[in-house]
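Common to both upcoming complexes is subunit A, partnered first by subunit B, then by subunit C.
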Partner chain A sequence: MSETWIDAGDPEDIDADDVARFDHAGKTYALYRTEDDRYFATDGLCTHEKIHLADGLVMGVIIECPKHNGRFDFTTGAAKGAPVCVNLATYPVRIEGGRLRLRIA
Partner chain B sequence: MADTREIVIVGAGEAGVRAAIGLREGGYDGALTLIGEETHAPYERPPLSKAAIVSETTPELPGIGDARKLSEIDVDFVSGAVATKIDPNQRILHTADGAARRYDQLVLATGARARRLRLPGAELGLRLRTYDDALVIRERFRAGSHVAIIGGGFIGLELAASARALGCEVVVIEAAPRVLQRATPPEISSVIEARHRAEGVDILTGTGVAGFAIESGREVVTLADGRNIAADVIVVGIGAAPEATLAAAAGLEIDNGIAVNARLRTSDPHIRAIGDCASFPHPLFEGRRMRLEAWRNAFDQGAHLARVLLGEDEDFQAVPWFWSDQYDICLQIAGAPDMGARTLKRDLGDDAVLLFHLTEEGRLIGVSGVGPLGKIAKEVRVGEMLIARRAAPDAAALAAPGVKLKGLL
Partner chain C sequence: MGIATKRRDYSLVGPEAEAAERNGLVSAAWYTCLVPRKQLKELMRREDGPAIRDTLIWFAGLALSGALAYHFWGSWLCFPFFALYGVLYGSASDSRWHECSHGTAFKTRWMNDAVYHIACFMIMREPTIWRWSHTRHHTDTIIVGRDPEIITPRPPDVLALALIIFALKNTYTFFGKLFLHAGGRLTDEEMTFVPAMERSKVRGVARIYLAIYALVLIACVYERSILPAMFIGLPTLYGAWLSVYFGVTQHLGLAENVLDHRLNSRTVHMNPFFRFVYWNMNYHVEHHMFPMVPYHALPKLHEAIKADCPEAYSSTIAAYREILPALLRQLRDPHYFVKRELPSSARAAPVGAAAAI
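Right after this comes the complex of A and B.
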């Protein structure tokens, strides 16, 4: 099975309990770091109106869209109620050699 | 409410639709009718001044709750129906098609209508309220055409940005000394005004309009000082008035819209009102009566009313919040900035500003932000939560650009 793990930067560039935008090959992702230093990745745009989630607020494991407060659990991608009803795609993340790696295929 | 078996909602905008969805999600299994004047399926209005105008192809209707069709949740959606009369004694709603519907609870979500200018030639001015209005305006905004926009409020300025994106020549004519005077402090409106000028929009503030006319095949705006401005299209965006005609005729209390209490109930216990048409006392702001023309308020009040009708005993006290997008800058306002006694400014460079509005006692009562979404949105959102908690955050932390407000929660 072919797996593509791409370099998504220095994990220390993302603040704890926050989110950062990451663009690769014409697509945008959101990378999350929890309070206890776990890392997650989702599609970068809200499923409601295509707003960058990296501009939104992280509260625990919830990312909130900065436009309409649509909420997702970024560990699973699950939409957490109106106005969002379509889940976010998530991507596996690991740290390897001090770099954050993201599996996109 | 065990005795509520028939609920009729008048108005299929954000508030009415959210109430309907919330009722079903909350387990209401009685009859539920949603009456809309327009023939379209329910849709969101915020894109009408922006994405719908600049769309290269005919814009899709920005539907509400795309995954949920109203019929799937057993809502009887009646489109193209105009409510004409409420009989509060019999608890019957009449519509123009002759139908009469009985209700246990009637929800008025009738919205607001764009104000008209009362001037000679006023009929030449286009207005924006509905999807159909947006289609007409989009058709008239052609590259190179001259657009005159009366009113430097949110609709006028968003349309100005859309018109520039399409290559139109744009003049905005505002009677007040600055744009957005009613909704924003000068530190915010000046950033927005400067951006419009940098984009090539001609903004005439402190300028009244005497009337419109057609001269030699072109439309002309005559200003109060006698000057004439020729245009290919005139748009009027001078605010909205609450649609309270039905309520007033039924004898309901009116106070800058349909007056409701903190449970969104009108002076008739069987009639509620939500969204742009309703004024309500806000517990976070000393019970001050507010009427908000905002997507978020419509959404929140619709959802809240559904919970109240299902028996939840809770006042509506969501923090007012609204936004506007113009070019690539975003404006967000939370709370009631105009109730602040003093303002702290967080300077975020030349393209972004955050203002924190505090009471005499240091309680945070409003946050205003303008700039790229990524520079302001997180802090406005945390500010909103601090307002809800009646917090009095440390002034130095508010003003310091590097401090994440989340640490103050």
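Right after this comes the complex of A and C.
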């Protein structure tokens, strides 16, 4: 089965140690840039109460949900304790031709 | 036309819970003031320093007032020291429990967890139950049938309000539930907000709490004195009054079932001692709107959004000048609530499902 990669924008639009929202085909994603310029992507909504993670706080490889402070490791999607209990889906990303590419299938 | 005084059902498993769901008030999108991302990131930034400083002062205050109360036990001179010890034990623990449940007080996770568990014990709130209860309070703030932390229904329950001043009602409920939880059971309401995978944690902690209180009781019997309980257990009661004095200002008398914290919460200016005990929770609109902002950054957040919010109350007395008449009026007219005025510079409150009642 072929992979589907989509354009997710200019990687420089995301600050280091931060997160940005990216919507595509009715689905929302969260794109992360670490302090050392690595990029990651997860589902955009917290698995606890469907809040946009892009409004949250990045601390190292942890994203903290803005509503209830639930924490995930955005490199693996792992939930790191209450109030989040269900892991986040993650998606591969790469930089190609100066653009951030996101694999959605 | 007569005013209906029939009590609404504030339980989480009754008709109001279904109505909230039907009216789009459950896990809804709430109004948020605009704060530039860079500024918000700066406000959300975690630090250990302020909370370590405040926790050391808190523990030192407990140790010093406790030592002097012990020294003067048997004379009238012990009273002021027990009064201070009680406030630090039974009221300051409320805000420490609260901030650490959000995980924002300290940058270091284990410090949040350690202070959370100490404060939970002091304020008689079981850590797992209250973590999830408070999560629901933030999801569905003052939504009838959803929020487990509404202090009093409309019309107000005056007896219950009087009993919480010295934590009598809460303590009675706490011990009843402690025995239930120690047996491995939860109430139907707790089942609505504590996820299945978290429930196993409740039993062990309930048993530890019961064991500690049993030891205090044994110590009292052995010593033939209430002195041990004056240090562990009773301060939750005799020192609760200040946290109640603060807590009442948060939401009482304001609108229910609105999706805008500017309309159902109060920000009240307080003196430095109150703000130390309360850990800046007087900035309550700000806290509810941006719960990730640590307590020590709330004054700056207040400055950032105040043009979009109703005017803050100048003091607790100013807040009570509004609250007490509102509660009295609600005894006669349960539909009455205080409508917060948004300034002309504010963005409008959202319309739609959020119908204030």
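In the analysis below, the second predicted complex is superposed on the first by the 105 of 105 C-alpha atoms of A that agree within 3 Å, B and C clash if a C-alpha of one lies under 4 Å from a C-alpha of the other, contacts with A are read in each partner's own complex, and residues count from 1 in each chain.
Methods note: contacts are C-beta pairs under 8 Å (C-beta built on N, C-alpha and C of every residue); 3 or more make two chains touch, one makes a residue touch a chain.
Everything numeric in this text was worked out from a predicted model, so none of it was measured.
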First (subunit B), second (subunit C), both or neither touched by A:P11: neither
Contacts on subunit A seen with subunit B and repeated with subunit C across the two complexes: 56-57, 64, 66-69, 82-83, 85
Residues on subunit B engaged by subunit A in the complex (per definition of touch): 18, 21, 65-68, 295-296, 299, 303, 323, 373-374, 377-378, 381-382, 404, 406
Footprint of subunit A on subunit C - complex, ascending: 27, 41, 44-46, 102-104, 128, 131-132, 135, 138-139, 195, 197-198, 290-292
Contact set on subunit A toward subunit B in their complex: 15, 17, 51-52, 54-57, 64, 66-69, 82-83, 85-86
Of all residues in subunit A, those that touch subunit C in their complex: 18, 49-50, 56-57, 59, 64, 66-69, 71, 82-83, 85
